[in-house]
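Every chain is named by a letter (A, B, C and D) in the order it is written, and numbering of its residues begins at 1.
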Amino acid sequence: MFKIAFIGGGINSAIGEVHRAASQMDGFFKLVAGAFSTHDAVNRATAETWGVSLERTYADYKDLLAKEKGKLDAVVILTPTDFHKDIIVDALRAGFHVVSEKSLATSVQEGEEIAKVIAETKGFFCTTYNYTGYPMVRELKQFIEDGKLGKIQQVQVEMPQEGFMRLGVQGEPPKPQAWRLKDTVIPKISLDLGSHLHNMVYFLTGERPERIVADQSTFGLFPQIVDNVGALAKYTNGVRAQIWFSKTALGNRNGLRIRVYGSEGSAEWFQLEPETLKTCDLRGHVSLCDRTGEVKIANQPRYNRFKAGHPAGFIEAFANYYEDIADCLSQFQKTGTFKSKYVCGIKTSLEGLAMMQAAAKSAQTDKWENV
Amino acid sequence: MFKIAFIGGGINSAIGEVHRAASQMDGFFKLVAGAFSTHDAVNRATAETWGVSLERTYADYKDLLAKEKGKLDAVVILTPTDFHKDIIVDALRAGFHVVSEKSLATSVQEGEEIAKVIAETKGFFCTTYNYTGYPMVRELKQFIEDGKLGKIQQVQVEMPQEGFMRLGVQGEPPKPQAWRLKDTVIPKISLDLGSHLHNMVYFLTGERPERIVADQSTFGLFPQIVDNVGALAKYTNGVRAQIWFSKTALGNRNGLRIRVYGSEGSAEWFQLEPETLKTCDLRGHVSLCDRTGEVKIANQPRYNRFKAGHPAGFIEAFANYYEDIADCLSQFQKTGTFKSKYVCGIKTSLEGLAMMQAAAKSAQTDKWENV
Amino acid sequence: MFKIAFIGGGINSAIGEVHRAASQMDGFFKLVAGAFSTHDAVNRATAETWGVSLERTYADYKDLLAKEKGKLDAVVILTPTDFHKDIIVDALRAGFHVVSEKSLATSVQEGEEIAKVIAETKGFFCTTYNYTGYPMVRELKQFIEDGKLGKIQQVQVEMPQEGFMRLGVQGEPPKPQAWRLKDTVIPKISLDLGSHLHNMVYFLTGERPERIVADQSTFGLFPQIVDNVGALAKYTNGVRAQIWFSKTALGNRNGLRIRVYGSEGSAEWFQLEPETLKTCDLRGHVSLCDRTGEVKIANQPRYNRFKAGHPAGFIEAFANYYEDIADCLSQFQKTGTFKSKYVCGIKTSLEGLAMMQAAAKSAQTDKWENV
Amino acid sequence: MFKIAFIGGGINSAIGEVHRAASQMDGFFKLVAGAFSTHDAVNRATAETWGVSLERTYADYKDLLAKEKGKLDAVVILTPTDFHKDIIVDALRAGFHVVSEKSLATSVQEGEEIAKVIAETKGFFCTTYNYTGYPMVRELKQFIEDGKLGKIQQVQVEMPQEGFMRLGVQGEPPKPQAWRLKDTVIPKISLDLGSHLHNMVYFLTGERPERIVADQSTFGLFPQIVDNVGALAKYTNGVRAQIWFSKTALGNRNGLRIRVYGSEGSAEWFQLEPETLKTCDLRGHVSLCDRTGEVKIANQPRYNRFKAGHPAGFIEAFANYYEDIADCLSQFQKTGTFKSKYVCGIKTSLEGLAMMQAAAKSAQTDKWENV
């Protein structure tokens, strides 16, 4: 089990909780330290919520780097992108292994500075691109590597969202974090969404972009930033890509969709239905593939915490139920009884048996039976 | 954090891993002991995989009950249903709080025996019905409680599966666990699937079944067991239900679908697309609801480990990526370098920036730009 | 071309227009006479709208039978079901060939009377069950005949509608035709919807129902009639069916869905997406079939008035456009000019060329081009 | 009823049958003459199939123009695009009203020549863009005109097809008509598909394209022609469009999809599910609209040949059934009996009654009943 610390990722951030839950889920990592937030109360609350010792919780990431030397297997950088470069460089120079959220940094110049330090320090460095973790995305990668689509010809990728336009239930405008509302050399939307699309195309096809033409717009409520980008791109080996990402496309919570077309077949994956890969062969036969059947990757045990037909998310739903059980146990420990809207006690469990037993009897008697 | 032990649920079982991951996800429970399997090697391997001390890993659940007294907040029963009654009764009598997988037991008689012991011991007891943990199922419950569907009139529920008929890729027949292939007073399929449907209808509507007529069939490869059940049921307050569950309905990995119709509206939830609740009001207006917008339950923080648009399962996908990072770290610790099909290093991260920066430039120059 | 007359089916009826358009579409029939409505103004308006000579338009169907003898190839009965028996019997006895809308009549007794007259007169008689006309339904029938699903085991059929509950936009209640609001020995909903489901199961499987258990309810706004029926049925050769039809299932305009399960595969057809047949084989491979590819029926020219990918309905949409053109021509004939929201004149047609020519130029110059 | 003639559109062409059926469906037009094909046998066969007098069927369109003067309300041009310009010009100069299939012509130069002749002759001219005939497309146009989407910001349109790559069931390559395999100044794919997308954007938004950048590729089996086009376009009033059309995108029979985003809402229409318009408002509320409920256009009688819930195509399915009836009548007229796989006679019709009557009895007796 690798011991890790978070820099950034407090409980008030968008991604802290995801990194915590994901890193702890399978028991490969243990979160033991952190500089979760520059806001002291948040920093402490995060540590307490996640069971990290307050002694190993630091107000300043530099303290963490100074005091955790030799005690960690890696630090995970979860701050806003604007701070990535400095922290990554400092951590590498301090001898830490570094895992960073995407995107790498805010500009090519910063990115190159990081690359230089990695080369100098010979340190461990990687970024997290979570969408490539879906079993059926990995199956698609394998599918392409195995030549099932033939020569890849074009990719259609899009990631429309609505966060910079959609109002709240009471009509209240969206309030993105401040750092998202300032564009520098690369618009924040391109760092945020565009970098996922770049990564996904490379992940799947292995091809590199060579030329691009793009159109950037500002449609939403924040006039100082780009919030919609369309582009055409030419990749190595003649592959074409058409790209769209947006934060002002109403109706799209997060419509990540990838379509890959080759000389022998095609495939489509849509993140809102992540368990299905739709494919078509050269004779037009359309199949819906999932984690079962003739697949090579998605049927591996590591991708099947529970069997297919129980879509990804089953465990999260089950965790919700466990939280309810925790609540019931708390009540019971205090009062010797419990009441719950959600947790099923003996009465209903028993009734379920009675109903099924009556069904079995009905099948024999050929009559309606009382439960 | 509640300290729990598993009885049953070894790494070779269908549900052990799910209970482990779900119970640990949010930090409410800690698995500290177990009698995971009567098969010694499996029992030990389970303990090692999940980091449970071998000293608190028992070959026999009775030893566990004897030696863990006072050290646990609850025991979780994950054995085949046939063993539930004896273990639950023993655990309750030994003074433990008990959480049990559904179904409660194999017959009404067994269930009543358990109920009697609960009453005698005044012990804590609940069963786990995981499907009720989905945020949008809970939203639907709230929706009904708030009267948005009016007077509930009928429920259509079904849970078709294919496991007792579908062959493997090489044509190999399915091999269900032995205990699933022996029906007693209630067919195993009714204990397994029917009890979920009973529970779901009650969970959502609060109504109790009164009369049922059913038709049981054997369509699959195991002639000694029922594998398909259709039924009509009459519930309290005039509610009607139509019920179908099957293990021989090819094409259905696990097609749990619930449709509730009332005098003022209707709602539909389909487990394979668990993030969406489809509703219709009295004037025929059809809406697709998710964790955002005008909802009361599904928008609570506890159901939003990550924001809507990132369907349930996002965290599991991310956990897959973290497993890859663990692999890279291992390689790196041994060799000072790493190679990964999946994890993104500096080169591609940097290229992403270059592509987005070229896009930004293209939007200004109105020309194709090199990446 | 067969010469036909309608009895019933005036322009104010639900189905007259459908029968007219469908019968005339491919040039096999010509509507030359009618007793469209007992309401004189409607009768005449129908004749005028459809170009039927007023001389061959009759106020009373008995006159039609008397005067059209020898001039028709068939009469088509489109009246409310309550009148079917008398008219069919009269038409057969008068020597006409008879085509009747389903359902045959209102009771078994009436049906048997008709059967007797058919036998006596040796007349031509058939009923119309339109849903069996869909190409993919016929493909499914062939699929089953060819044994691709193996031994048929069960059928799940349903036809939920909402017409007896759904309110109008202003909250106005539905107003079904009067004859639909009076149940006799068989509820009207069973004549209307149930007979379709019976027919569909027989059409597809060739099996005959032997035993049935049903539950009838009244959920909607018309307390005197049954509006929801659930049933289990046992068919010849051990086939099971589960059946649901309703006029009070909000959210379902007309949710006809058929699922057939056999020992070797399964298939699903949903009328709202009529171009797709979803199938699954014994190894769990799920395919989406349409009018192209490895099909035997749906690819016949008669089912491809336009090629696949242009779903059924393409022609109707095109007919809408032709109606607009008719409007433009009328304007032009009167005024020498026309104005249309819908029809595309020279300006926009020409602009389309300009845009595509600019696109072609851009692909050569690698630059943005003016349209 | 307008009298029309076809030039082109023989029964061996892609679109002749569609124009015939669509133009005749509602009784606004009558096809009375034609020069359907330069291939004499096809020309005659077409006339015979469609009941056009051979005296008014011409081998050469110039003869038609010469001899039908004063006898027609319009001529409809259905030839390959390459011939449009000459025929349109000749027809206009001969004093005919002209309806032409899209695209107008093969180049801007040709198009301008036509425009000039229209201006000179003051003749009637329009083109057919069939996709704009769908009721829900027209509803969307109205929706936009009514400001429900606010200020239109961008349009995403695509029309992927697969015809230049997909093989037949036996592996046979596609065989497009010869004229489609020769590109001139505008690639044929742009005339064929691109012109639809241009038209659709204008139809819906009223905006005109100003600038475009495009990328054309050749991916399929015909190296001399462009078969895939991606583009970005800037329209009047700051509207952006992203455009894709292809004949080599396997898995897409004809994937026409249109998404319109505005400052107050969005809407999506997909031709393969033409009855549904998916919309989203500024607060993220997603609705599925159809021909019922709060619509202004799609609920008009002319778009409801049959009621909603019976998707477009219902009539075509019914016409299939009528063709079967014609076959039965033929058999019966010859032999006094008939046999049909498809048409339902007395036996099954009567059985349907028996089944429903047994269901009604069961609901009263609370028992299984024999059919």
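Here is the rule we go by: a residue touches a chain if its C-beta (ideal position, glycine included) is under 8 Å from a C-beta of that chain, and two chains touch if they have at least 3 such contacts.
For each chain, UniProt lists the protein as follows: A, B, C, D = Putative dehydrogenase.
Values in this document were obtained by computation on a predicted structure and should not be read as measured data.
Q: If you match contact pairs by residue number, which of B-C, A-C or A-D shares over half of them with B-D?
A: A-C
Q: From the C-alpha centres, identify the chain that is farthest from subunit B.
A: Following the centroid criterion, the farthest chain would be D.
Q: Using mean C-alpha positions as chain centres, tell me how far subunit A is from subunit C in Å, no decimals.
A: That pair's centroid distance is 47 Å.
Q: For subunit B and subunit C, let me know how many angstrom lie between their CA-based centres, rounded off.
A: About 42 Å separates the centre of subunit B from that of subunit C.
Q: On a C-alpha centroid basis, what's the spacing between subunit C and subunit D, in Å?
A: That gives a centre separation of 21 Å.
Q: Residues of subunit B that contact two or more other chains, please.
A: 169, 213-215, 231, 252-253, 283-284, 286, 292-294, 367-368
Q: Touching residues of subunit A toward subunit C in the complex: what are they?
A: The touching residues are 213, 283-289, 292-294, 368.
Q: Which of the residues in subunit C come into contact with subunit B in the complex?
A: 153-154, 156, 162, 165-169, 171, 213-215, 217, 219, 228, 230-232, 234, 240, 242, 244, 246, 248-253, 259, 261-263, 265-266, 268, 278-284, 286, 366-368
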